[in-house]
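Working notes for the structure below.
Labels for the chains are A, B, C and D, by order of writing; each one numbers its residues from 1.
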Amino acid sequence: MPLRDYQTEIDDWLQNYKQPYWTPLSQLARLVEEVGELSRAYNHKYGEKIKKDSEAPDDIEGEMGDVLFGLICMANDEGLDLDRAIQGAISKAKTRDKDRFEKK
Amino acid sequence: MPLRDYQTEIDDWLQNYKQPYWTPLSQLARLVEEVGELSRAYNHKYGEKIKKDSEAPDDIEGEMGDVLFGLICMANDEGLDLDRAIQGAISKAKTRDKDRFEKK
Amino acid sequence: MPLRDYQTEIDDWLQNYKQPYWTPLSQLARLVEEVGELSRAYNHKYGEKIKKDSEAPDDIEGEMGDVLFGLICMANDEGLDLDRAIQGAISKAKTRDKDRFEKK
Amino acid sequence: MPLRDYQTEIDDWLQNYKQPYWTPLSQLARLVEEVGELSRAYNHKYGEKIKKDSEAPDDIEGEMGDVLFGLICMANDEGLDLDRAIQGAISKAKTRDKDRFEKK
């Protein structure tokens, strides 16, 4: 499904609520929380952090989904199109940064 | 374009390089850096931070694109499908969290 | 107690372990996780996030302590003196940034 | 200098301004921005990120100072004592977590 359709699906759903979108800095804080949870999962898998017995198994896919969900909400609230945003980032990687790393 | 196609396009491009993907914790650090730049842009727009004269105008769309680009690289390197990830997050919002906020 | 003494106390304690300090990017990931928990606590207190019934009460002091603990470990491992670091930041606020905000 | 004295010095200075402390979520966003800059510096030093020619040399001590400065502002605004906070974190490391890692 295209990114734009996810943006629409989430917006349609959130319109059922009195306050569809939190204030921007509150949404940002949520994104940071989700990035923190992704960090914990990465640290368990790739770093030296040892999971506590009481902790649920990590779910990197789930944490990435939460980060992306938060980002989509922020883009919706800003009226921004994430397809354009990612196309811009890809285009930057292929032009400005194309010689920054060693080629095969 | 579907998320999966962005994942493929980025992977195809990165395969031109000797080390297509950084090590996982290095990719995570890059994501955190991009989230930091998005935070600065939000703080200029919605918080009390005043832009320095020397700073370029903020570009929230661009910062979101960079965050998403970093996330796609991480998902590619993990062999994860972001379509599944975001569908899982949407489904969680519509079930587990559906009564967490006040409806219209 | 001076910051330097906290740095020493933590280092003395960590020297009891086989690997006193995690690798740097793993320490960074831990710091990000702690900042994420502080974000959640702030979002509950100041944002629109509603605490789940299953969540423990927030403890902003505790989260700040965890962030600071992580930062001290990183400084120790880098051989850096946080007293110098904070004095530098204070001095920057009092000189470079002194006219950036409206005075009383 | 004790942490408490840094808290006082920063508060004394900020009282010269009309709005000594930004709103809490704006302060949090600033902290995240600073953690992002520390991440970039770590990624240059320990990860695979290659510095652009246009970038200033990294200054890990400076970035740590900025993170700590942001944290002190947040603690001041919350009326929290960072000495208590760090002592709590140290005490947790020495009790709850003391057997979590392998001893020498």
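Descriptive notes on the structure:
Just so we're on the same page, a residue touches a chain if its C-beta (ideal position, glycine included) is under 8 Å from a C-beta of that chain, and two chains touch if they have at least 3 such contacts.
All figures in this text were calculated on a predicted structure; none of them were measured in a lab.
Set against one another, B-C and A-C show the most C-beta pairs in contact at A-C. Averaging Cα coordinates per chain places chain C and chain D 4 Å apart.
One finds 24 Å separating the Cα centroids of chain A and chain C.
Contact with two or more other chains is made by residues 19, 23, 25-26, 28-29, 32, 35, 39, 42-43, 46-47, 101 of chain A.
Judged by the touch criterion defined above, the protein chains are all mutually in contact, each touching every other. Residue ranges on chain B touching chain A, taken from their complex, read 1-3, 6, 9-10, 13, 15-19, 23-25, 28, 31-32, 35, 38-39, 42-43, 45-47, 60-62, 64-69, 71-72, 74-75, 78, 80-90, 92-94, 101-104.
Per the touch definition, chain D reaches chain A in the complex via residues 23, 25-26, 28-29, 32, 50, 52, 100-101. Across the interface of their complex, chain D is touched by residues 19, 22-23, 25-26, 29-30, 32-37, 39-40, 42-43, 46-49 of chain B.
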